[in-house]
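So the structure is just underneath, and the comments pick up after that.
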Amino acid sequence: MSLPIIAEGVGVLFANPDPDLARAFSRTKNRGQRNKVMSLKQASAEFVHDGDYLATGGFGSNRTPLAACHEIVRQKKKNMAFAGHTTTHDFQVLCAGKTFNRVDCAYIVGLEARGLSPNARRYMESGAVEVTEWTNYALAARLKAGAMGVSFVPVRSMMGTDTFKYSAARLIECPFTGKKVVLLPALYPDVCVIHVHEADMYGNCRFKGISVADIELAGASKRVIITCERLIANEEIRHDPSATQIPFYLVDAVCEVPFGGYPGNMPYEYFSDEEHLKEWITVEKDPALFTAFLEKNIYSCEDHFQYIEKNGGLHKLQALRAKEFLLKTGA
Amino acid sequence: MSLPIIAEGVGVLFANPDPDLARAFSRTKNRGQRNKVMSLKQASAEFVHDGDYLATGGFGSNRTPLAACHEIVRQKKKNMAFAGHTTTHDFQVLCAGKTFNRVDCAYIVGLEARGLSPNARRYMESGAVEVTEWTNYALAARLKAGAMGVSFVPVRSMMGTDTFKYSAARLIECPFTGKKVVLLPALYPDVCVIHVHEADMYGNCRFKGISVADIELAGASKRVIITCERLIANEEIRHDPSATQIPFYLVDAVCEVPFGGYPGNMPYEYFSDEEHLKEWITVEKDPALFTAFLEKNIYSCEDHFQYIEKNGGLHKLQALRAKEFLLKTGA
Amino acid sequence: MAATYQDYNEMEMMITAAARELEDNTIVGVGTGAPCAAAMLAQKTSAPNLVIMFEAGGIDPILPEMPITVGDSRTYFRATKAGSMADIMEAGARGMIDYTFLGGAQIDMYGNLNSTMVGSDHQHPKVRFPGSGGANDFASFCWRMMVITPQDKRRFVEKLDFLTTPGWLKGGDSREKSGLAPGAGPYRIITNMALMDFEPQSKRMRVISVNPGYTFRDVQDNCGFELLKAAEIRETKAPSELELKVLREEVDPYGFIIGR
Amino acid sequence: MAATYQDYNEMEMMITAAARELEDNTIVGVGTGAPCAAAMLAQKTSAPNLVIMFEAGGIDPILPEMPITVGDSRTYFRATKAGSMADIMEAGARGMIDYTFLGGAQIDMYGNLNSTMVGSDHQHPKVRFPGSGGANDFASFCWRMMVITPQDKRRFVEKLDFLTTPGWLKGGDSREKSGLAPGAGPYRIITNMALMDFEPQSKRMRVISVNPGYTFRDVQDNCGFELLKAAEIRETKAPSELELKVLREEVDPYGFIIGR
């Protein structure tokens, strides 16, 4: 008795779905409670390599590690593969740096209600980037398979569409029901960056609001960089173990980057800077203007604080906090 | 090209893994925010049927819906199938009522460090119960497949063992890696009972401590009965949406049953009543004694409060609270 | 501002028509914009127990204002749960989500959608759009998929450049044969000119009512494929005074979507 | 109470021998009883950064006392995370768990375990035991599986009545060929008489050291199959004064496991 493979997508797999490779990598990791606190500059230099498969946490412009995206662009990482899973402003920033040449696409170049990124479209229409198609849930499910330590996971979407045709999924018949089901290959990113509210020095993390696919992402990735709004004491973590979402043994680096989600929305902290996000879209229309904009906002900045200071600094942050909490402040 | 099925367990499947049956059932449910508060007696009468596939939350004697197990026995439900997933005292109670005649076994008859249940062993050795073998993770993964709305999930355990041989799993070759992988059929229980710390009238739930497989169980089950230590206001749930673990639309009944996990351990509330649990094991050795014990502790009780009152009442509960918090109280 | 409630624009007509399709005590998966406004309007009029979900994880918020993205903090403001994308999509896969609203650059007569690209070479698109996002998943899982879109020939096409999101695929029983869950599929297409459903056998798009001021002819003239006609084509009921009042004053007071 | 630290019982010997196998900066998945005591002893002596996990979801607790079940509230007392069974087992599947301790009613020469039943008819067992629990999973996933068990012929058998949990299966490369992850498997068997590993080619059980007071002959006489002998069989180092002090005063002050 055998399970026929009914159809196969023609897309390229940018990461090996074999859990034994991920296991072999895990085995080499020191699992002790070590101090993993370092600068984002150091973490990016040490754990993000040219050619790596990269994924970012959050949801495009919401609890997204945007400081890390800037740093990766600043360090001129190249030839990466990228998980375009619910990506919006993060994709836009990485496109600005021409960081990747392979993308697993679920949602790219778009900025939701804000429109489309002119530069990301140019880059994606240039032919410089190899694309395999998926859906948002498919990429979340591929990460779930990775976090489970298996090589695939079944889903019941994508059938009958070009999204399937240009994916690297397989359509089989379920051996239990005889019905058709799509198998998605596991995704084990080489490195991911996740932005959270709080982390301790060992990498125990907690965040508030939606988790999107970050729990799965942390479990699937070979190396995990955490940026956090605030470092907290390990005692605080141990005071409420039910609240820990990402455990230390998955984490390689902990970087305290307050406002690391700016100009996006960090729930219960600050709302997105819509004015500045609109500026991104506007300047992208003119490549010369955009080059100057990137020089000002990324390449010439020492760190994320400089970027924020150039765009309104503490006054801006205070206003964004008021906006997050729906507060009507004077003027 | 085809995927060979290399081996198949000989065990019987006690629940249909077809997600379309579960979807059809879901479609009939009213998804509004309705008041679902009712007595445990009423919930058991309405949602637990003879012949159903039943599963219990928690971990055997930890945050386990033991009041509900008593009520199911008291209502003399019969011919059920049961998920013997990390079950200990719950299994013991349901065996006392000869509630089920089919068991998916991962951990049964045992009581961990407390020993084995003599009556559960007699019942399981009597030939009255059909058994299919699994592992604890396999049953958690089968529930995960159910919660995902698919018909199976891959795992990399059980290979090469009699546990596999007496399961209803299949061994196939992964179409992505060429390596062997076990496929587990999804488990969609007809009904489950989960004990939590807090729930609102609509069924939004939160609990503290380990979740074991309860999130998956709630997502997989067709009908969900919640017993809770305390009803709380919906406003309280909405005050911290990140804390909600089981959302209302999965839930059919909400029963406020303080101490509903007694004589087990309810984390951050009360420790297990080891003295009384020992009595269970002792009286089970003598069938006549055990009959009288069940009459006293289950059949003649109006509800769980009567059971607790017969076994130490409020003084016992206070002592168990002190034990949970490691408090040394006078005497 | 001083307009009477009898005046309404086409966006208001579409949002109102969409809101009326949402039964009470059901769940709808929405995105930003018109779908979100439609769900909010339904909650405040005919479907007070309608539950809103956002694909990024927001469940049942009390929306304080229109979200900018389906993952921003408004999408779980005073929600019953802030969950994960898997929570939402798997609730859908389990048959828990009744409705979803989707959109795209192109739609065909079976309700299939293209939100991926224009052109004929996937690796060299003439125009690159975002891709599926969660649309393919929502369309696969939710019982009734709806589209709110302007009626024009560039959008309603004979053949999609790319089939991103499944409608009834090739019509007839092709959707169920593909392996997608039975019983789910496109339900209503809501445009500025008309309301359409799908003829039960062929699964082809069919006009069931035309909006005030339009005829079937207008709809067909602005559609790149042949539309079926219901036995009786009604006139869509114009937005009521109450619907307009709620929409303008409570749902979208700044006119982000209705443009007032 | 008044015993000198030089006196020790066999349970103390086994726990001490087990503790010494646990390297620092690793993760061990344990159950209740002797394995938990061994992990606690290691933390307090040679492996201060050893991380303990319990299959029900407890991660890295500061154990205030011996847990009664692997899911009670002690298993996540001041833990870094109170997670789920999937969190633990999937960490194992991802290669994150270095060690586990298991047990059973029967063990064979390849380290396979039976914790399911005695008898020959699965539907009519002579004696029914609990089954796998999480043992089969831990044994499949964790890099190094160990067993702490009394040495006797009823337990160390030629053929298991039921193979619940995989050791090296039929020896040689049979485990890897079965589809189980390569590189993982039985590592040490710790009894009251000896310490055993597995000969690398045949994967058969091999005595590497005998505990003070026992000879290889004693071990073989209390084993239902032929044991291999290491090139040099050492004598297991008796528990040190420090090990005994920590075990008796800090790990198991009430003697639940060491029986004092």
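Read from first to last, the chains carry the letters A, B, C and D; within each, the first residue is number 1.
In the analysis below, contacts are C-beta pairs under 8 Å (C-beta built on N, C-alpha and C of every residue); 3 or more make two chains touch, one makes a residue touch a chain.
What you are looking at is a predicted structure, and each value in this text was computed from that prediction instead of being measured.
J.: Any chains in contact with both chain C and chain D?
T.: Both chain C and chain D are touched by A, B, going by the contact rule given at the top.
J.: What is the minimum number of touch steps required to go from chain A to chain C?
T.: 1
J.: Relative to chain B, which chain has the most distant C-alpha mean position?
T.: C
J.: Starting from the mean Cα coordinates of chain B and chain C, work out the distance between those two points in Å.
T.: Taking the mean C-alpha position of each chain, the two centres sit 40 Å apart.
J.: Using CA atom averages as chain centres, what separation in Å is found between chain A and chain B?
T.: 37
J.: Once you find the CA centre of chain B and the CA centre of chain D, what distance in Å lies between them?
T.: Averaging C-alpha atoms per chain gives centres 28 Å apart.
J.: Quick check on chain B: which residues sit in contact with 2+ other chains?
T.: 19-20, 141, 148-150, 155-156, 179, 181, 208-209, 241-242
J.: Mind pulling the residue numbers of chain C that touch at least two other chains?
T.: In chain C, 76, 82-83, 86, 93, 141, 181 touch at least two other chains.
J.: When you draw the chains as points and link the ones that touch, which shape shows up: line, ring, star, complete, or other?
T.: It is other, because the touches fit no line, ring, star or complete pattern.
J.: For the complex, give me every residue of chain B touching chain C.
T.: 19-20, 22-27, 29-34, 147-150, 202, 204, 219, 234, 237-239, 241-242, 244, 247-250
J.: For chain D, which residues count as touching chain A in their complex?
T.: The contact residues of chain D facing chain A are 24-27, 49, 51, 59-62, 76, 78-83, 86-87, 90-96, 98, 141, 143, 181-183.
J.: Residue numbers of chain B touching chain A in their complex, please.
T.: By the definition above, chain B touches chain A via 1-5, 13, 17-20, 141, 145, 148-156, 170, 172, 174-177, 179, 181, 183, 185-186, 208-209, 241-242.
J.: Taking the complex as given, what residues does chain A use to touch chain C?
T.: Per the touch definition, chain A meets chain C at residues 58-62, 84, 86, 88, 105-110, 112-114, 116, 121, 124-125, 127, 130-131, 133-138, 140-141, 144, 155-163, 166, 171, 179-182, 208-213, 215-216, 265, 267-268, 271-272, 274, 324, 326.
J.: Show which residues of chain C lie in contact with chain A when the two form their complex.
T.: 31-33, 55-58, 64-65, 67-73, 75-76, 82-86, 89, 93, 112, 116, 122-137, 139-141, 160, 162-166, 169, 174-175, 178-181
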